[in-house]
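Working notes, structure below.
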Amino acid sequence: MSEHILTAHDLDVSEGQIPRENWFESSETLSKLRKSKKFPTIWCSGCGIGIVMGALIRAIDHLGIKNDEVALVAGIGCTARMPVYMDFNTLHTTHGRALAFATGLKIARPDMHVIAIMGDGDALAIGGNHFIHTARRNLDITAIVVNNAIYGMTGGQYSPTTPLDKRATTAPYGNIEPPFPVCELAIAAGATYVARSTVYHALELDKFLAEAIAKDGFSLVEAMSYCHTTYGRLNKFGKATDMMRSLKDNTITKTAYDKLPPEERASNTKFVRGMFCNIDRLPYTSQYDKVIARAQGGAQ
Amino acid sequence: MSEHILTAHDLDVSEGQIPRENWFESSETLSKLRKSKKFPTIWCSGCGIGIVMGALIRAIDHLGIKNDEVALVAGIGCTARMPVYMDFNTLHTTHGRALAFATGLKIARPDMHVIAIMGDGDALAIGGNHFIHTARRNLDITAIVVNNAIYGMTGGQYSPTTPLDKRATTAPYGNIEPPFPVCELAIAAGATYVARSTVYHALELDKFLAEAIAKDGFSLVEAMSYCHTTYGRLNKFGKATDMMRSLKDNTITKTAYDKLPPEERASNTKFVRGMFCNIDRLPYTSQYDKVIARAQGGAQ
Amino acid sequence: MIEATTVEQPNIANSPTAQPARKGPRGQVIIYAKWCKGCQICVEFCPMGVLAFAQDLDRAVVVAAEKCTACHFCDTHCPDLAIVVKRFD
Amino acid sequence: MIEATTVEQPNIANSPTAQPARKGPRGQVIIYAKWCKGCQICVEFCPMGVLAFAQDLDRAVVVAAEKCTACHFCDTHCPDLAIVVKRFD
Amino acid sequence: MTAKTDTDRTEIRLAGEGGQGMILAGIVLAEAAAIYDNKNAVQTQSYGPEARGGASKAEVIIANGEIDHPEVIAADVLIALSQEACDKYAANVKPDGLLIVDEDQVERLPNRPVIRVPVSKLALDTTGKAITANTVALGVLVGLTGIVSRQAIEKAIMARAPKGTEEMNRKALEAGFTAIERLAH
Amino acid sequence: MTAKTDTDRTEIRLAGEGGQGMILAGIVLAEAAAIYDNKNAVQTQSYGPEARGGASKAEVIIANGEIDHPEVIAADVLIALSQEACDKYAANVKPDGLLIVDEDQVERLPNRPVIRVPVSKLALDTTGKAITANTVALGVLVGLTGIVSRQAIEKAIMARAPKGTEEMNRKALEAGFTAIERLAH
Amino acid sequence: MTIKLMQGNEAIGMGAIAAGCRFYAGYPITPSTEVAEILSRELPKLGGKFIQMEDEIASMAAIIGARVGGLKSMTATSGPGFSLMQENLGYAAMAEIPCVIVNVQRLGPSTGQPTAASQGDVMQARWGTHGDHPMIALTPVTVRQSFDLTVKAFNLSEKFRTPVILLTDEIIGHMREPVKLPAFETIHPYEQVVADTPESYKAFRNEPGDVPPMAPFGRGYRYHITGLFHDEVGFPTQRLDEIDPWLERVNHKFDRHLDEIIMVESDFQEGAKTAIVTYGATARSARHALKIARQRGLKVSMLTLLTIWPFPETQVESLGDQVDRIIVPEMNLGQLALEVERMVGRRKVKRVNRANGEMVTPQMILDAIEG
Amino acid sequence: MTIKLMQGNEAIGMGAIAAGCRFYAGYPITPSTEVAEILSRELPKLGGKFIQMEDEIASMAAIIGARVGGLKSMTATSGPGFSLMQENLGYAAMAEIPCVIVNVQRLGPSTGQPTAASQGDVMQARWGTHGDHPMIALTPVTVRQSFDLTVKAFNLSEKFRTPVILLTDEIIGHMREPVKLPAFETIHPYEQVVADTPESYKAFRNEPGDVPPMAPFGRGYRYHITGLFHDEVGFPTQRLDEIDPWLERVNHKFDRHLDEIIMVESDFQEGAKTAIVTYGATARSARHALKIARQRGLKVSMLTLLTIWPFPETQVESLGDQVDRIIVPEMNLGQLALEVERMVGRRKVKRVNRANGEMVTPQMILDAIEG
């Protein structure tokens, strides 16, 4: 069937027809990928991490930031493999520590846009402390948490975002640990911009990411993107497309949520999408400029 | 002068007059101290940590809990030296890790009252991750944070609770890092009982501590108690008594705070004292009983 | 779950279903076969049924090019950046 | 700083100043000299002036035992648990 | 036919793409040998860097006595279900060893005797499920080498087959056996 | 009088309670030697487990040449301002060394020659501030041993004295010197 | 029990259960994760507890906490996690808390190659935490030994009140072999007995060679445990007369029990002037090479170390006296070889190393034997 | 500069400034805290940055991040913190990020005795992180050397793209000595030069013996840095043909530069049959003992190691050839002595150990010399 269709429309282009080099030129997004890198990515077929990557590139592109001005910092995990595919300054660090490395980098280079890309385990299990401290200090870093509700890379152990009662390889009888409310935690810790969306709402992600990167202060974007390979399989949630549909169906916008009567709010089980916080506080590096001024002014 | 007074009233008793053993019997509180331990404590003259210790003993006493049922777990710091003086099961661990040790202990012995005693650095700098995760999992542990706004033990470096602009030995030009709102962070992370008071309001501490220990779930009591030796000295805040007075003068009860008009609330600079959260959630160990039941029921 | 803040909810720029199909294709859909992993996200969610899954090739193919409205759902949601949609202007 | 919760503010059980002095001592203040570090918290905050600081001994002493109302400020605030107040019943 | 190393053992490598179940096939083969055929067996595996998917391979050493070194030194048998697998491991097959490839997946062949079997096509044709290719592969392997008995491999497969898939797997195994018989003619 | 070790050095220990400033006194003594008297000096210290307070001691080694081992091996001089300090370190004073104690703080004395000076009382009497006891102690020490010149110790003290306390410290030092002169009579 | 094809990691999980482990805390990491997965399933069946902590630091802390509460406990990890556990591992040594730490070695340094094998953490197992401390590390060669040495690890840890490291590797951990486990009832785990009354009990009594038993919390023995130097009842001390006896006792804990702790397998050949000293997965390559060498008429002896720390000094030294040459094959750049060199002299030692994630091949060892 | 009475820790802070350090991240810990305190005051005066991180893990991460951003960077800690830094220390080795880690050793294990001195982290400095990796550790004996070796540490770390450990101890760190520092203008710190264009630049080019310079981020050289095994441009790889050259280059980085890296001070005496090998604070006790011994007419040589890792193999071996006996005094239970034994044979080595927080006394060493 398909061969026929191919010929009929001449629209579906296989590698033979578009040289690799040309493909990278066929969109702004693709042009920011690393031509030297092997594609497709290492992610499972249908994994939403790649969708977040697309959104991130579009956000950076939208802001008109030069590739050289961007530093991507990641820890370890499926999500953390994202930076290597993009033509920025990319630093793949140790599990959980992306924000701590990013802190050093940002202080050394306040002019650069430093973006940390983390899985939920990376950001919130082993990396939880750096997460709250980087927010508190208000480093002008954009933290992206791809929340796939599980540890993907290591094969499906429960994470601090696995919903209650769901199964994981280390929760064969169902998870009993309540998940973190990631956005609320970030707000309590001091983040200046906090938003959440899903990979189904990819263009919303574009927008939140662009706002987050533009923000002068610590910003967090939580991107829901279920790991169908582990979380989905262990909980019989179906294929990537089924889980994508559940992201579509099981979220509610913050605007809609805010309009709900209190009882319904309390019983709401959908994920709330939207921007939850956008406040102004002088970022760490600007504060530090004052320290330097005081030190050099001789005041002690 | 004083020798004369002593003789006149025969009320001020020096060691010669009360044998050490008898002194331990002169109050319920004293009777829970370790007779085998060298007193007075290692803390500076006037340090509020001892006041928290008194409050803790009274709270335990008030609840009628037997000494043997109490386990005190501490990290490292001035505050963390507290357990050794009390006649309970006492575990002095590594810096920042009290709650992680306490988690293992509580799961092994759900029947015991496990109380973690931490300085602000211990609990929230190096220990921040365990703090939020223990709250999230809702281990039925009582966390006491003695917030002295600095690292006392190591001599006065800034901590995640040092107020903005204040000096510390590592902030000679004033601290530029905003302090954590400790109670809010605990609430966002999932604590079921959260309260704050000060060592000036010692009896309020008694009450909060008793409620916290009685609570079936993760509870936090933040006890404000400035370190006059380092924080006070570096910022010229005066003696222990001066700082005690500032705790009296610079706090406001939650009830009073809640009644303030919004503008005044926004500009309020006083510490709010009170209980901020008291919700019911099944604690981790009870949840785990269900896992055992499921496992033993053969359901998988 | 999340407390109210003072900030407004952003608009979602492009709701895929919000754009009704007009006559003739509005865009050209290009799939880079070598990168497509056959996840079928584009196939399942293209509101116009432009795409289909070719079992034998284990990847997506364009089956109804003329229906494409250039809504960009497919290229913004392809996890492998294996689709580009070019809007005809 | 802290958002409202549904829980009520606890009452403070014993406000030290809330208890007016009556005639004669209501309690006995005992200071265990060996443990007192002379921080003067009890001295400074005793609402009745029962205690004083003895510079030469570098510790607190009782100077006005008869004024003690047994408000328990001193023994609950002594950081060294060096005071016990016994209420006369 | 199965050449012996100096310490008398048969070394088998099963390689393909992640998700093709070659590691499971290796485990089943080892179980057939060790549990149902009273031999000794050691099974090892390796994955590519991909989270899921990517190249993967299983190795099975079968012997009557002790098995020391647990990995293939030079393969007596290689079954390769993907081009990458063939490219990577063909050179390590002993000169008198067996190289079996899926004829529809492996186009570039090394310059040596190769047994070409349409493994995945057989799977699809027989059971309608591509994922039974590994069972077909086991049929081919056992049919060709006799390294374990047919009963043993069948028992081992049945013991691992998820409920309800027994029949499908039996058919797939049969298809493997038959393919060899056809080859043999 | 100050006995020499095998490698020609004078070993001085200053001990008291934390907060008495004995460590600072040690530093000042070492500075007097090294900066103002053109000698060599090494200063070390130790604290008790107490956060603040508790036992504390400083050690100063003064020599004309190199100083290798930086700690007191056997003290030529010990000045002890507390009972604990005396108890702990008196035994380590050389037989022909000097043991100086604050006569009001140290009651139990070892069975050996001891020089008793009312150091803290002198401080209080002279300056009204107990914290100047360490300066008085330096006066006593230097007055007795001449291990550094009086000018050097004065300069060293002045360099370290917080603004506004110079006069007080000078008086305290003087008080130390004078106490010795009285002793000498 | 029947014959089962079992992975080394699975055998470790089973060994823990058999040894009486009733608490596991860990953080997933390749290639150790199966240990956690198995215990998350098996422990609750026995009323035991499994928890996945927020990181490896917390995992190590939690197992210590649980043991203080009276449950035998274990964690499993690999290189990066093992590095993070070092501080609290030292705590366990200092406070003498029994516990078992499994390190399934993968290729390092850093993230390295998570799915590749290595013996790169051999020296770290001994020296990874700061300060001097005693340490036991066991290295299984087979799946069955993964079970047996796990049981042994628990027993040694209880008997000597010390953390014990089961130092295995990706090969042995993921390899499947047929094994028949002993019936668990036939296994009699070591159980500490606290004979003292709470009044006479001294948790850290310093009688040389004596390891005082550890009373669990909440059973009437209220005492203090600390990572500071402490006296016999556990109170912090700076007094040398209290510290010195502690150092004496704890750092020489194993001295009089080395035959119980040190396990080796000797395969000596009369007249051999070459010997192999080996451990872990590499021992399998070495055995393979040994058989071939002997087939070829070469005389070679072999010493397989199942205990690498404390290092089997006597055994290696006396082997050194018998042969002219000792080959030490390792999946690292030469770590345990340093100890062998120390015992027998550098000139006698021939290192065979591979540190790229692949096994040392029998051929490499054969070349060394023949070369 | 004039003569000042200065602590070792202060000299380290000054050395860092002189060497061009412009970023410090740390977490306070006795007895290292003065280093942080001094740099929190001094760095901003020069436009440099100081940050106190939430823990030592983050501190180690931050200094790597800052160096990737182009600032020379340092952290300082002591045992417990050093244990926590191990994972990211391995990352720095793997990713070849220059940085300096100061460990002011205190008595361990665990919390131990925070204010007491020790040389207990000597082996940890070499083996604390998982996996094989190169490592440099320098051990100053005087306050002035604390300054000089800090400068040297930065220079070596830049030149060889490697973390360098300044392994000092509580004695040297807190001791005050008169020093006269050189004018900072006279110090010419090593600066990397990136000669390649962004197009031809390969951050991890594997030319044997060659250490490719590290381009800072944001200067046109967009590349990838990872803790996984990687190819020449920094992309993760599992290919042995890419890993092996990396192993070859990185693990032999120092080999051809040992005379630059290894610093020792020899004090050989004609005809001496006894020698002392020493480092750090203990070297001072050893010198004291040596002088007395020589006064008494005994012939003794001495080798003071200012570099302990890589271990000065040649120097110690040739010393071993000259003497019958080597005394190794250490404030630990015998750590570097293991290496000395390895080089010269166990029978020649006499260890003198003290691990209770007190210095080894000259008398203990004299006894060993005379005994």
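Each chain gets a letter, A, B, C, D, E, F, G and H, in the order it is written, and its residues are counted from 1.
Going forward, contacts are C-beta pairs under 8 Å (C-beta built on N, C-alpha and C of every residue); 3 or more make two chains touch, one makes a residue touch a chain.
Since the model is a prediction, treat every value here as computed from it, not as a measurement.
Novice: Starting from the defined contact criterion, work out which chains touch subunit C and subunit H both, please.
Specialist: A
Novice: Using the touch definition up top, find the fewest steps from subunit C to subunit G.
Specialist: 2
Novice: Any idea whether E-G or B-D has more C-beta pairs in contact?
Specialist: Most contacts of the two pairs: B-D.
Novice: Return the distance between the CA-based centres of subunit C and subunit F, expressed in whole Å.
Specialist: It comes to 84 Å between the two C-alpha centres.
Novice: Starting from the mean Cα coordinates of subunit A and subunit H, work out the distance between those two points in Å.
Specialist: Their C-alpha centroids are separated by 39 Å.
Novice: For subunit D versus subunit G, what separation do you get between their C-alpha means, in angstrom?
Specialist: Distance between chain centres: 57 Å.
Novice: Mind pulling the residue numbers of subunit E that touch at least two other chains?
Specialist: Residues 49 of subunit E touch two or more partner chains.
Novice: Going by the touch rule set out above, which residues of subunit A reach two or more other chains?
Specialist: Each of 43-45, 47, 76, 94, 125-126, 128-129, 133, 153, 160, 172-173, 181, 184, 187, 288, 291, 294-295, 300 in subunit A touches at least two other chains.
Novice: So which stretches of subunit H touch two or more other chains?
Specialist: In subunit H, residues 41, 44, 54-55, 57, 80, 87, 91, 110-111, 116, 226-228, 236, 238 touch at least two other chains, as defined above.
Novice: What residues of subunit G sit close enough to touch subunit E in their complex?
Specialist: Subunit G reaches subunit E through residues 3-5, 115, 171, 174-178, 281, 284-285, 287-288, 291-292, 295, 359, 361-363.
Novice: Within their complex, state which residues of subunit C touch subunit A.
Specialist: The contact residues of subunit C facing subunit A are 1-5, 7-10, 12-14, 28-41, 44-45, 52, 54, 56-57, 60-63, 65, 72, 75-82, 84, 86.
Novice: Tell me, which parts of subunit F touch subunit H in their complex?
Specialist: 6-7, 27, 30-31, 34-35, 40-47, 49, 66-71, 73
Novice: Contact residues on subunit G for subunit A in the complex?
Specialist: So the residues of subunit G in touch with subunit A come to 27-30, 33, 36-37, 40-41, 44, 50, 52, 54-56, 80, 110-111.
Novice: In the complex of these two chains, what residues of subunit A are touching subunit G?
Specialist: So the residues of subunit A touching subunit G come out as 76, 94-96, 125-126, 128, 151, 153-155, 157-158, 160, 169-173.
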